[in-house]
Amino acid sequence: MANNEVQNQSLIEKLQLIDRRIIFVFIACAVVIPLLVGATMEEETTPIVQAFFDYVENLPEDSRVLLSFDYGPTTAPEIQPMADAIVRHCAERKCKLYMMAVWATGHNLTGETIVNVLNPEFPDYKYGEEYVNLGYKAGNQGLIRLLLVDFKRMYSTDAAGTAIDSIPMMENINNLKNFDLIVSFGGGFPGIKEWVLYAGDPGNVPVGGGCTAVSAPLLYPYYPNQLIGLLGGAKGAAEYENALITAYPQYENKRMAGMSLMVSQTVSHMVIIFFIIFGNVLYFLHRSKQKANGIEGGQS
Amino acid sequence: MVFTVSLFMVIQYFVPLDSWAWMYQYLIDWTIIIGVFALLLGIWSLLRVNWGKISRRSENWGYAVITLVGLFVMLIFGFFPGGGNLNNYVYEHFFFYILVPIQATMFSLLAFFIASAAFRAFRARSVLATLLLIAGLVIMIRFVPMGPLSEPISDLASWILKVPNLAAKRAIIIGIGLGAVATALKIMLGIERAYLGRD
Amino acid sequence: MSKTKMTAWVVFAFVIIAFAVSVALKGALVTVGAFLTLFIFSFLYKDNPYYKFAEHLFVGVSAAYWMCMGFWGTMVPNLFGKLYPPMVGGVLPALKDNPAEPFMIIPLILGILLLMRLAPNAGWISRWALAFIVGTTAGLNLVRYLRSDFIQQINNTTFSLYISSAAGFDFGQTMSNIVIFIGVLCGLIYFFFSKEHKGAFGAGARVGIIVLMVTFGASFGYTVMARISLLVGRMQFLFGDWLGMIK
Amino acid sequence: MKYILPGFLVALLLLMALSVTAIAQEQDETVGEDVDTLMQPIEQEPPPKPVITAGEDRPNDNGHKLTIYWDYPQEATGKIDYFEVYRAESPDGEFKLRGTSPSNYFEYFDIGDSDENAEDYLENDKDLYYKVVAVVEDGPSSESDVAGPYHAVGQWFHTGKVPVMIAVIIFAMFTIYFIQSARKGKDLFVRPLAGIEAVDEAIGRATEMGKPILYVLGIGTAADIATIASFTILGRVAKKVAEYQTDLIVPCYDAIVMSVAQDVVKSAYLEAGRPDQYSDDQVFFVTNAQFAYVAGVNGIMVRDLPATNFYLGYFAAESLILAETGNSIGAIQIAGTDQVTQIPFFVVACDYTLIGEELYAASAYLGRDPLLLGSLKAEDWGKAIFMVLLAFGVLAVAFGWEGFREIVRVNL
């Protein structure tokens, strides 16, 4: 009997000191399997995302949409899926896309969206006629204020250095009021808040945004009066993708970055939580055993 | 020396004139340049240690050869580039196909380590450890679909991030600020001299 | 030949064959990246020759990389280019006609002083350079920390505890502000060094450490998401870019 | 003596209150109303002329900037599209367009470049003349009279930074005062810190096991405060290590840090009377790429199997990689950093963690040097002042005196 006790206890102890490589295997599986099977998670679209989607959905053809890429590589895994989804949607609606950045790091990421989404999926989109990459300009919120008054004073060329007046789609753009929608990706400074305060509100231009999960709570208060909608974190991206698939079934078999990221995230969080709870259960079992065995057991 | 330059740096903060800004810019430039000289010392140390391993034929000396080969190949192509820029084929490809993937992979090891650390340390051993555990769980559990419970949990999570988190970070930052100022003062006054190698 | 040695050779042969196949099928560049990625991941199992290889290569290449960056990015334009612009005219034509800045002789001298430590009996000279660097940044830190970490924080924490919104008295927000206020005070009490933590002061310190612990747990839990994203990125590289298993 | 410090506090508050009244008056608040989005029908008559009222140098800068103010009838703002602002170097010289301002915004902030060779260089102390044009896009515009001369000047003192200066002075006085009193031999109490008390035990353990000690200074430069604090601790640790004749491994990320660390360790060995035990191979450079450094240190850990790891200094994302690898080899780990984002990881994965300021304090603790302990006391007083100001501020705001926040604002 006593012997049995000791064995039990040592099993619990062994499990408590479980080889961490077992945890590693679980984490690797949690990330890899969803990627390989292409699992996606149905994220029910919440009103704040649906409102954004509906707004884009109801834009007439040739509407002018300004996309500002205000984030860096560190937050790219979270935000890039949103940018991709919204660019897809706008391109489906045949909107004209004007891409710019108030973050220096945003410029490269703009290129990524163009190369990965716009060029392969919408080969009809011609540079200078349906989309343009204006690149980064310094000045933070000051830049936004200037753009509200005079767009071409700051953007005299596009990112490649082509004179702005030789780009056909820039012809009727004089200030931010000429746009039908402004979308800012990134919740840092400057970001969505600055777009709302210095462009959306004074110029009466609708503004929508996509930001990391961290900054989302700070921006919720602007919806619905000052923001038409907001995507928060990978979840927001997944919700938008869900709405997109509902409306455009051709995307059903397309891999959606936000949705698959959400699966990996959820599963790995669950794995970690499981191990934490498992560890605590073992710990309490161990302690109650110790108590039952008296002080002697407690020291073994 | 220390006192003069540091006093200048303090005073320049309050003087917005151009001439002072120039001097400030010069000082900063100089520290950066001296840093590059120091890199030579670093390379020297690296050579010394690895050469020592090879000449002693100590355990794993073969890997020291790999370090030195990597170092020299990169240095040779870095210093004899076509026209003074670093856009030569070998240098760029070493960067993109050796440095970048290893770096990103090292960084991603954190995903594993964060899990094993959580398993090991998040145990309800004491009141404080329990608090650590609960706060961590509440934040992580947001990702798990929980039906009707989801809403209150995500509210609680964002409250923790907004309120106690803010308070604690602020307290730490203020402490760090004061400690840093005190250390800077000690350096200026010559009380803290450990950085000069004697104490 | 012992059994472990045997296994090691089998693994080695397998890695070489896999490498060759991959080069043939997917091209050399992506293969090198993928194998180095796998070598690093192998450390999670245990230390092994493949990790050692990647590690040592990484150290050597990165040290040289930063040396070259420092040389071409700083020394050439900012030191040589300013001391004697025609010297760098060949590589940086834009700088050729700038006036020379004789002041730049000072960092050159300090830099050489720093290198003097390699000489056996002149090591002490290098302390001048160290004193310069540390002095400059100490002064800079003094004002910077006081401004952003002290004065600015008072400003940020001085808010109204009592919040009323359009809907009337906002209980939740008021409570939150009170918690922040008390949290900051108690957190600071915890950091007091010259007073014993007992009595009311000790209780304050206790509350302080509780707030700190909640924060640490929360930050830890919060970071999990970002780290998983990094791993997803690597896995996408391995299974997508390299193996082509992800559509 | 007892009343001097509280007296200081009162004096500080008064001083701040005085300085703030000056600052508060200087602040102009000009808030633009909503821009009228509807274009007005074309007016044939030209709109009224703007009247330039002032051209002021912006305070607290290096010059090269001027703010131009003008008056315009409020009811006419709807008729015009925007204002254009022109500048010239003489009243009848060539006027160049500087920029535009929305129709409801009666000021323009002319930001010139401070570089002589730049295209829009704005010279200090030079006569400059301005005119403002009220522009109607589809009709006649009207031009103001030329106004000036205005000057941009650089200032010798940034008044917005007064609170910082006061804080610097007060804090320096505290530090010097307490260091002086420590010099006189006044005994100062410091509370125990678990992480510090574990240092001796950790070194002893390594000695018993016959294993080396790993000391990681982090990825900061020699000028980071955290690294400097870590040098002092390294000195103490090295001295103990030399006494116990244990091995010490110090891999470095920054070459200057390496040089300093070599000096520190060398003199610690000298102090312990064992200069012959020291070699430059103990304190060496790895590389200054963040993750390559981590890979190298990880390798050292799993191959040399240190019994004790110190991670003291500036750390970024690598903190957890190091701490988890160290844990897997069963080392005792003592960590400390001032990087707020990394503290949680050390707390979770290490045996002892010095949180933020405790790292700076550690050098004083280990040395028991009265001078260093004196500065700890000054830090505590700094915290006390902060707490008083905070409580005072919250009360002030509660009673509706927003002016307090102005006192502690740094106007940039």
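Structural remarks
As written, the chain order gives the labels A, B, C and D, with residue 1 at the start of each chain.
Criterion: a residue touches a chain if its C-beta (ideal position, glycine included) is under 8 Å from a C-beta of that chain, and two chains touch if they have at least 3 such contacts.
Please read these numbers as outputs of a predicted model, since none were measured by experiment.
Set side by side, the interfaces C-D and A-D show unequal numbers of C-beta pairs in contact, with more at C-D.
Each chain gets a centre from the mean of its Cα atoms; for chain C and chain D, those two points are 18 Å apart.
Centre-to-centre separation between chain A and chain D, using Cα means, comes to 30 Å. Averaged Cα coordinates give chain A a centre that lies 24 Å from the centre of chain C. Rounded to whole angstrom units, the spacing between the C-alpha centres of chain B and chain C is 3. Of all residues in chain A, those that touch two or more other chains are 20, 24, 27, 31, 214, 265, 268-269, 272.
Along chain D, residues 161, 164, 168, 171, 221-223, 225, 228, 256, 259-260, 263, 285-289, 291-292, 295, 303, 343, 345, 347-348, 355-357, 361, 376, 379, 382-383, 386 each make contact with two or more other chains. Under the contact definition stated at the top, the residues of chain C that touch 2 or more other chains are 40, 43-44, 52, 54-56, 58-63, 65-66, 114, 117, 127, 130, 133-134, 136-138, 141-143, 145-146, 150, 153, 157, 181, 184, 188, 191, 212-213, 215-217, 219-220, 222-225, 228, 230-231, 233. In terms of inter-chain touching, the protein chains here all touch one another pairwise.
Across the interface of their complex, chain C is touched by residues 21, 24, 27, 31-32, 35-36, 38, 74, 77-78, 213-214, 233-234, 255, 261, 264-265, 268-269, 272 of chain A.
Of all residues in chain B, only 1-10, 13, 26-44, 46, 60, 63-64, 66-75, 78-79, 81, 83-86, 91, 93-112, 114-115, 118, 122, 127-129, 131-140, 143, 157, 159-178, 180-181, 183-185, 187-188, 195-197 touch chain C in the complex they form.
Against chain A, in their complex, chain B makes its touches with residues 111-112, 114-116, 118-120, 122-125, 133, 136-137, 140-141, 143-145, 158, 161-162. Across the interface of their complex, chain A is touched by residues 32, 34-35, 37, 82, 99-102, 328 of chain D.
Of all the residues in chain C, the ones that touch chain A in their complex are 44-45, 222, 224-226, 228-233, 235-236, 239-240, 245-247.
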